[in-house]
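Got some structures for you, see below.
You will see two complexes here that share chain A, one where it goes with chain B and one where it goes with chain C.
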Partner chain A sequence: MGAKVELRDVDRVYGDVQALSPTNQVLEPGTFTTLVGPSGCGKSTLLDIIAGLNKGNGGQVLIDGSPSTGPRRETGVIFQEAAVLPWRTVLDNTAFALETQKVPVRKRREIAREVLQRVGLSDFVNHYPHQLSGGMRQRVAIARVLSTDPDLILADEPFGALDEQTRVVLGLELLKVVRQGGATVLFVTHSIQEAALLSDRVLVMGARPGKILLDLHVDLPPDRDPTMVGSPVATALVEQIWTVLKSEAQRAMVEQGPRS
Partner chain B sequence: MSTGPVATESATTPLRKDKPEIVRERRLGLTVRGWTIVGALLTVLFLELAPRLGLVDSFSLVPLSAMVMRAFGLLTDPEFLSQDLVPSLLSILVAFIFAVVSGVLIGLLVWRFDWARKTLDPWLATYYAIPTFALYPLLVALLGIGFVPIVLLATLFAVVAMISSTVDGLDGIPRSVLRLAAVLQLDPFQRTFKVLLPAALPQISVGLRLALSYSLIMVLASEFVLSTSGLGHFISNAYNDFAITDMYAGVLLVFVLALGLNFAFAAALRPQSKRVLS
Partner chain C sequence: MSLSTAVTPRTQAGRSRGVLASIGWILILPAVILIGWAITAATVDSLVFPGPLQSLARLGEDLSEPGFRQSIVSTVTLLLAGWSLAVIVGTLVGFALGLSNFWSAVFETPLFALYSIPKVTLYPVFLLFLGIGDASRLTFAFFHGVFPIALLVMAATRSMDKNFLKLADVLVLPWYTRLRLILIPALLPSIVTAVRIAFGLTLLGLILAEMFSAQSGLGRELVSNVANVRVDHIAGQVVFIAILAVIPGFALRWGEKRITRRYGS
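What follows is the complex of A and B.
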């Protein structure tokens, strides 16, 4: 099988800042890859370019071997703040992606109910987002992404605003549901533990210019549970990532200087 | 079943926002609502008794009961209905609809295009400092008197409230929701009607209530001077004819109309206002 996503010399410049230096990467189908790095290192830019929301200045993004020209239906994107529509019930939020693709009401609601069950929200089908906690709203957003059965899922710090426990629980749930569907995942986070616990592969990014510094394989069994954070494999990995990021973060802070 | 999704609910329990408890604080033995009712009763009592007891002369004020009786009389008078009430309601309705449709459209343009915002911003900021009603001699010269200049004035007065509230609402849409619309590749129609306008609706509904009040105010004020029919004309006519009871009955009907429309609106929009994320 060919690569799901292939980046060829993709870069992005904002003014005179090299947000992303020319990057070459391949994401293999069905893998869960995490992109970890300090804030402002260009990880979200890279994700946006793959999502088709941002055009790189140069290079090419190939998805399933053909050049990407913009957003595509088979790509699901999960944002940092849960992008839920407050005037719609959980069910109709979940069915929204299918609705915009003109799937008939009965069919899309049936699919929405099924994915809501998978993310553990069956009892909240008729609730409105304001009645849910932040973690549950993010699950609604995940359910909506799953509803279209995407082959590529891009997650931009989806659990960044949540507390540590919820974050681990939701991360593992996401891992479980995407493993069932076989989608390729690129997951952006600034949490090193989250990266080690969830992924098959960790890409470590540094800032200014944003570039991938390390490409690590995570040698943990495919089925993860929270206790694995403490395993020797994960601990060693976290330490390795930390060493690189620490010097990067310090360098970035010195270079950026005080923000006005 | 200790590790399934159910067990995780403790970390992500839904925050059901129950109705906040109404504070029943008493002042001098009465609740706030109690005092409101007392105030209303005193007003009613004054309006009834002051003319009857001779505190106010009967050319200035008629007893409330007389106003109410006359108002009911007017409501069963076919000539009043066809000559005065219906034309006013029609003008208000037409002006309101024009203001809402054009206000939302202009609001969308202002929000979407930077040049439109830069062009219109100074106008929007100063608009309500200008007494629009001062334009009426110009409109009489251009359009004569009657339905068209009245509706035009009322629309002009109400539209800016719609524009401002629409722009405010659109400005408040979270970035993630806009990005969602981009990711799902919504066409402009879906984007506008399934995302932008519903998301801006809480603010737009504030504009709707203002626009309705402004339409009503401007239609009635214009009818005083620009019309030979309508509720405003009826009131000014009665005033000129020293038909004091008719005049007060007309004023009373205007009050009831304004309050009724406002309450109906508030009730219709209430379910929406709750569905806002904090």
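What follows is the complex of A and C.
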């Protein structure tokens, strides 16, 4: 069962810059929420605050009703670049989180093999990360997160460095496997199409100060496929998000003034 | 998605042939030097330019002398002690400084400046404080080896993939697990490189110290031969010191390659 995440007046200031305005949101258990917005709008800051990696200046994060005091083992975090350990095989990378939780070798390898099968890497268990493509390495990182059966998954632009096709395929794979486990997901991206295709809900963020401008429900069937990007629902959603982000971008350009 | 490396099984015989071939390649350069030396010595035909056979014969004589053997034991003991100390202190200092951006910025420039000073100019200071003997030799050798280790480990710690540290944070790892499972394996390739480089520099420092002031040691043997103009003995002992430096150097390089392959990205 997924965790319920509540943000109560959470904000973050860096010097004179309000990176994140006071934010109030609730992520319902088992939902897939995407946070979309331009670079530097505070998406990653918000995600880090929920992960316990960054202490906000004010407000409170409640996870299943308890105030968050720092990182928790039940939360899985997927970084932008696959944080896989180059000296470990795919199997041992996948079992790494379980190893740190003192799960016996046989048990953790059994779980790792099962998770690797779910992400389609069964044939690569004994390979090292340098023998894999970028997309495969990111799948190893996802497998490590899934191995601990987290109730909350936070993904910070995990497919940002990949090409469009691989990104869509991996995004749908991630959606499928998290649906099986029932975890709550917060997925940060700057791709509007990715947001529309993967999510139950899209939060659109604007910069200066970073705040959530739009909260949209995605009215697509739970099982997604790449063709849905062209559906009328997705197209309308993309247009709606784009309209808001375009005016944000224009406002930012006016604030910055002419370059020369 | 493609697989870039295909793993081919190698037979025991194939591996042995590979090792023999690489040893063969390694021996080419010494063989060329030896032949070049013999030809030059024969051409010059001078008392102050002994050939390899003559030099090796003198080395054989030296090796049968208990005093020379005592010098070897003394040098090797101090080398191992100085090198081990340099490795331990250099790694710990480099690691501790590298963990903090502030402290590594504070110490980086002075450490580099100290490293660039020809250390031999500071030797009188060592003699002044530690006197003639093993203490000054050991400290001077250690002084040569510790800086490159500290600088290399500091740079490696600072430039470590920050995602590894973030991973340790999200997995809520205690410091000892973080050290054992992430930091040490991530830094191991840089540490072994530093250890290899420090070996040669520690030996250099030790031989230099022995040449200036010592009751025993290979450096002292060299200097006493210079005073007696025994060029053939000098040449034989230089060959011996070269072997003492080169064989562990090759072994360390081999270990470094294996560790880099295993732990490097």
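Convention: the second predicted complex is superposed on the first by the 249 of 260 C-alpha atoms of A that agree within 3 Å, B and C clash if a C-alpha of one lies under 4 Å from a C-alpha of the other, contacts with A are read in each partner's own complex, and residues count from 1 in each chain.
Going forward, contacts are C-beta pairs under 8 Å (C-beta built on N, C-alpha and C of every residue); 3 or more make two chains touch, one makes a residue touch a chain.
Fair warning: this is a prediction, and the values are worked out from it, not measured in the lab.
Enquirer: Report clash or fit for the pair chain B and chain C bound to chain A in the combined superposed model.
Expert: After superposition on chain A, which the two structures share, chain B runs into chain C.
Enquirer: Mind working out whether A:165 is in touch with chain B, chain C, both or neither, as first, second, both or neither?
Expert: A:165 contacts chain B only, not chain C.
Enquirer: Thinking of the overlay built on chain A, is A:180 touched by chain B (first), by chain C (second), by both, or by neither?
Expert: Once the two structures are laid over each other on A, A:180 reaches no partner at all.
Enquirer: Among the partners chain B and chain C, which is in contact with a greater number of residues of chain A?
Expert: Between chain B and chain C, B touches the greater number of residues in chain A.
Enquirer: Please work out whether A:119 is in contact with chain B alone, chain C alone, both, or neither, and reply first, second, both or neither.
Expert: Touch partner of A:119: chain B, not chain C.
Enquirer: In the superposed arrangement, which partner chain does A:53 touch: chain B (first), chain C (second), both, or neither?
Expert: both
Enquirer: Between chain B (first) and chain C (second), which, if any, makes contact with A:39: first, second, both or neither?
Expert: In the superposition, A:39 contacts neither chain B nor chain C.
Enquirer: Across the two complexes, find the residues of chain A that touch chain B and also touch chain C.
Expert: Shared contact residues on chain A (touching chain B in one complex, chain C in the other): 51, 53, 70-71, 73, 75, 77, 79, 81, 83, 85-87, 96-97, 99-100, 124, 127, 129-133, 135-136, 166.
Enquirer: Taking the complex as given, what residues does chain A use to touch chain B?
Expert: Interface residues on the chain A side: 51, 53, 70-71, 73, 75, 77, 79-87, 96-97, 99-100, 119-120, 124, 127-136, 139, 163, 165-166, 169, 173, 225.
Enquirer: Over in the complex, which chain A residues touch chain C? Could you list them?
Expert: That would be residues 51, 53, 70-73, 75-77, 79, 81, 83, 85-87, 96-97, 99-100, 124, 127, 129-133, 135-136, 166 of chain A.
Enquirer: So in the complex, the part of chain C that touches chain A is made up of which residues?
Expert: Chain C residues touching chain A: 1-5, 161, 163-164, 166-167, 169-173, 177, 181-182, 185-186, 188, 262-265.
Enquirer: Across the complex, what residues on chain B touch chain A?
Expert: Touch residues, chain B against chain A: 3-6, 8, 11-17, 174-177, 179-180, 182-186, 190, 194-195, 198-199, 201, 272, 274-278.
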